[in-house]
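Order as written gives the chain letters A, B, C and D; numbering starts at 1 within each chain.
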Amino acid sequence: MSIILDKDTKIIVQGITGREGSFHADLMLKYGANVVGGVTPGKSDQKVHGLPVFDTVKEAAEATDTDASILFVPPRFSRDAILEAVDAGLEIVVTVAEGIPFHDMVYCREYANKNGCTLIGPNTPGIISPGKSKLGFMADSIYKEGSVGMISRSATLSYEAVNNLTTSGIGQSTVVGIGGDPVQGVTFKDLLPMFEEDPETEVVVMIGEIGGTDEEEAALYVKKHMKTPVIAFIAGEAAPEGKRMGHAGAIVSPGGEGSADYKKEKLEEAGIEVARKLTDIPALCKKYID
Amino acid sequence: MKIYEYQAKEVFAENGIETPSGQLALSVKEAVEKAEELDYKVALKSQVHVGGRGKAGGIKFASTKEEVEKMAEDLFNMKIKGEEVNRLLIEEQQEIKEEYYLGLTLNRSKKTDTLIFSRSGGMDIEEVAAETPEKVVKVDIDPVLGLQNFHLTPVAKAFDFDKEMSKKVAPIVKKLYEIYKNSDCLLVEINPLALLTDGSVKALDGKLEMDDNARYRQPKLLTMWDEEKEEEMELIGRQAGFVVIKLSGNVSIISNGAGLAISTLDSLQRHGINAANILDLSGGATSEKVQKAVDVVLQDSDVKSILFNIFGGITRCDEIAAGVSASLKKVPADISIVCRLQGTNREEGIKILKEAGLEAASDLEEVVEKVVKTLKGGE
Amino acid sequence: MKIYEYQAKEVFAENGIETPSGQLALSVKEAVEKAEELDYKVALKSQVHVGGRGKAGGIKFASTKEEVEKMAEDLFNMKIKGEEVNRLLIEEQQEIKEEYYLGLTLNRSKKTDTLIFSRSGGMDIEEVAAETPEKVVKVDIDPVLGLQNFHLTPVAKAFDFDKEMSKKVAPIVKKLYEIYKNSDCLLVEINPLALLTDGSVKALDGKLEMDDNARYRQPKLLTMWDEEKEEEMELIGRQAGFVVIKLSGNVSIISNGAGLAISTLDSLQRHGINAANILDLSGGATSEKVQKAVDVVLQDSDVKSILFNIFGGITRCDEIAAGVSASLKKVPADISIVCRLQGTNREEGIKILKEAGLEAASDLEEVVEKVVKTLKGGE
Amino acid sequence: MSIILDKDTKIIVQGITGREGSFHADLMLKYGANVVGGVTPGKSDQKVHGLPVFDTVKEAAEATDTDASILFVPPRFSRDAILEAVDAGLEIVVTVAEGIPFHDMVYCREYANKNGCTLIGPNTPGIISPGKSKLGFMADSIYKEGSVGMISRSATLSYEAVNNLTTSGIGQSTVVGIGGDPVQGVTFKDLLPMFEEDPETEVVVMIGEIGGTDEEEAALYVKKHMKTPVIAFIAGEAAPEGKRMGHAGAIVSPGGEGSADYKKEKLEEAGIEVARKLTDIPALCKKYID
């Protein structure tokens, strides 16, 4: 088991004829993902890696019975492409682009919600269920099938954390990058219940960072509803107030709202162990793994 | 990005929100000229990006030519929270009856838009919310639905508006919402929105914070952006295509992701070391891009050491190493370079570095300790 | 309500959709004058609400003054499917390269908006859809989402548009969608939308069907409404505040709901009797309103019998009976009145009718049989 | 049991301080409906029939934990009032107004759908679960508790049909008026599955009329999914083509689409018995009632 993504999930790639789209479609196929086609308007006469290319998501969905889409589409065209995928009834949409305008995401997030679509991203490497399927561009060699569920706002920190786990012999059920933007699709508290219901996941690792209130809300959820143990890490304790730390969402408000210390306090209040360093995570996980 | 009050008022006026008549002055002479048209009964408002201008004495009220001259001179010689005053807004004085706050921004928890009102206009809304939360009304707006008439009922109620006042304020809220959406703002504020003694309702001060990601479709607002006010290193970085964050230490952190960079910063701090800046290469950087990044951070005179922290996914360690190697000759002898390479093509990268006489750490803590040693050794 | 082609084109032009230059003429003299400005190379297009105008010879092409004069005379003397021609649109002739159909209306099954295109422009879209469905492309548009760029991909594909042509057509589709929404249309059509030999794309003919319920917020379009073209009895009814439907028989059905009225019509037909009209009192009619309704239907000279079919919910039978009773003296002797009262205050109603010398049936079939007897007895 | 509405359903009345709103709030209360309050902006200082009046639906919903709202609001303000109720998270919204602009309903219908709200109307007398609750303005004395479920496009024809049933000793589980507009909230095929799942409903009566395709789609649904027997009646066999027969939705297209004969054929193909006259309905129902 895994969450959201497994080996049967039928995937299309929006922007498949582009450089990145084509490159990562190939890597996903090689990982064993069930990629069934791609979409680029006006290019339905082409094939990419033997996959059919459609002009619209709707045509692709009708022809291939698609479940999920990953978008390799530039930020300025992302709103239209996300809305197209949601409108076509896809259940999972991953958008990797960095720099999508704020109001575009505010709209897309809510439109996806209302249509019952699991929107992941933007500014994310995607999602991977090791050994099963990959809907993203992460370097898949560092992942290993196992029982740690992971949710991360930062791509690089998830690589770092996964690498620490794998080299310690600990595998992962599903690793979801939720992205570092202030407004994104699913966030910690949307994914926690899925991990809670997944019998394979024995412990969940949340990699958070400064800014926003997502970790605090996740803490509340964990306290109320989770039986599966949860471990957390928060980056940015050294970040000064009022500076956006690279990720658009990573900013401590003047007054200290959204600071690492505040988040850690809330997480610990909810009974969540907070790792001081990323290298501490494997040892914390081991306590809960058979 | 933030724009000045006088620019925000331009946006308001273009969208049909009334503002006091006023003009910008860049010198004492200009200030006097503009004030003459208003018979010298003017407010002189220094245009700065920092908050708390009023308390700092950045706004003055004149009624004679002499006063205007003296006050303008004072203001142009002022610094407000370290920011020089280079522009004054010379504005007709207003007879105020009531002052309100009206704003639109993101509800960060629900991630919907939220309309904020307060009867305590002219004050810092965060202070009002903290001290007298009952004076602040927030209405969430489903972004798919957009602003509807029913969203305005709580405004009228909170303000005890009669029908006449509701009719005056409702279109202002709608126009502000349109500005928020159509001008790609992260935040719009009218503070205060004032009911004047003549019965009109005007925006006496305003704030717009623009979305950097939407620059490409806001050519007009882009012209309002004051690059001078940007931190120099950040501007240099942006012009070279990087996100650079200027900090107060002496290590430059170059990384292939924001999270990794922040985490490196945390580690350094635990060893009592601060960063001069952070530069994010993003994913897939080439050797040329790495060289460009080194060029950027070398312009920061605070930098004593450059720390590369790379966990390659799309990013290839050999490209990074090649870039570092090619940059070495440009790096002054008193600036050390330490590298950590992990992930895609790590072995190839380590080899390239070795040829250039550099070692590569494999984990974060290791590279941080190296920097610590280098810096403390150099003291 | 439908508006004329020349009015639809006014709406198009105001919203930025190009149309041929043209002017309205109400007489032969005017037609010649307007044609002169276009050097007499004009199309003369009769303005009627019925379809199939082209086939019926309602459009003519002239190239000399004499031709314009003769053709205008012919057209003003024409009737198209019974409708007199009182207005001509005198329009510059166009050199057409391709003709398309573009329309927006409701998908009645999914109850979303639907964009319809066809490469067979200038033809009846329903015929095209029935005979060559592959030539018609329909794209549903989520009304909450509104028209987005991705909706236009199937248009470009269906038409084999190159990028240049897509760039010309996309803004037309967007503007037509805005007209559809902002002008409260049930249907908007450009047919044909033509690519001309000079490379421009114009709306050569158009149709807008307006939503009667939205009249109050479309003051401008309301002025375009040609009351003359309305069925006289329906206009009289509407002016008195009722929905009246004019039919071809001789019984007037007055009922307190559309469903009940239709069902009464069905019953009459089964007995071989047709209705002259149907008048819907809606819910809660007062005695005065009933009298007004009787006044309305008496103006229909086809009426030989008035059938009241009332099932009172909000409507009270006693109010109905009082209205009928008060109207009796106005009803000519050769027009019979039959009533059926059921529901709220039925007993009181029956009593009032009895005092006026009328009986009341209790069910639908009974009252219908009574009408049949009356009318057949009267033959 | 019943569908949508039962005696516990908490109801508010939007427009409660108006003449109709106040009048029918009283009648609903007298019928035993659980009316808990009303909404009229700017009138929260009032009480109506002892019920609290709120300025906004959200305030009412928070104070009373409302499930359902009925709108006695003029057509031109209906869009705003419907959207307010849906946005406030109500599960059931009934709008009785006649003459709501077309595009307002196209929008409201879809917005309600996306928010999981059961929108009933416009141009409807509402919904009644006899003996339990009433969310509408129908004359309740003709209804009787029992096991016939009814869905009707026409108010008056539902009264007629109900009266025939009740006088024949046959009661109703729930009677829903879906309204005669071309675009409305729920329609036949949305309600049929609810009746199918309701153990109390032994037979469903559909009262349709000319125009649109709702009856045809209901027929398809019945054929595929319904075990509960369904009976239908279609008004308008005598209606000429191209005339709107009073209800905005009741129009036979030129060419015969939407005609009574066509609808009856489709219904009968799906195994649905079609009553020729309304008076035939009780006998047809009796066959299926214990």
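Simple rule for what comes next: contacts are C-beta pairs under 8 Å (C-beta built on N, C-alpha and C of every residue); 3 or more make two chains touch, one makes a residue touch a chain.
Quick caveat, the model's predicted, so the values are computed rather than measured.
Chains that touch both chain B and chain C are the following: A, D. Across the assembly, the mean Cα position most removed from that of chain D is the one of B. In this assembly, the C-alpha centroid of chain A lies 53 Å from the C-alpha centroid of chain C. Centroids built from CA atoms put chain D at 43 Å from chain A. As a whole-number value, the distance joining the C-alpha centres of chain C and chain D reads 28 Å. Of all residues in chain C, those touching 2 or more other chains are 142, 144-145, listed in ascending order.
Touching two or more other chains at once are residues 111, 114 of chain A.
Those residues of chain A that touch chain C in the complex are listed here as 41-42, 44, 55-57, 80-81, 83-84, 87, 111, 114. Chain contact summary for the complex, chain B toward chain A: residues 106, 108-109, 111-113, 126, 142-144, 181, 184, 186, 211-214, 216-217, 243, 245, 247-248, 255-263, 265-269, 274, 278, 280, 282-283, 311-314, 342-344, 363-365. By the touch criterion given at the top, residues 142, 144-145, 148-150, 153-154, 156-157 of chain C touch chain A in their complex. The residues of chain D lying in touch with chain C in their complex are 75-76, 98-103, 106-107, 109-111, 114, 125, 137-139, 142, 152-160, 163, 180, 182-183, 207, 209-210, 212-213, 217, 235-240, 243-248, 250, 255, 260, 277-279.
Those residues of chain A that touch chain D in the shared complex are 114-115.
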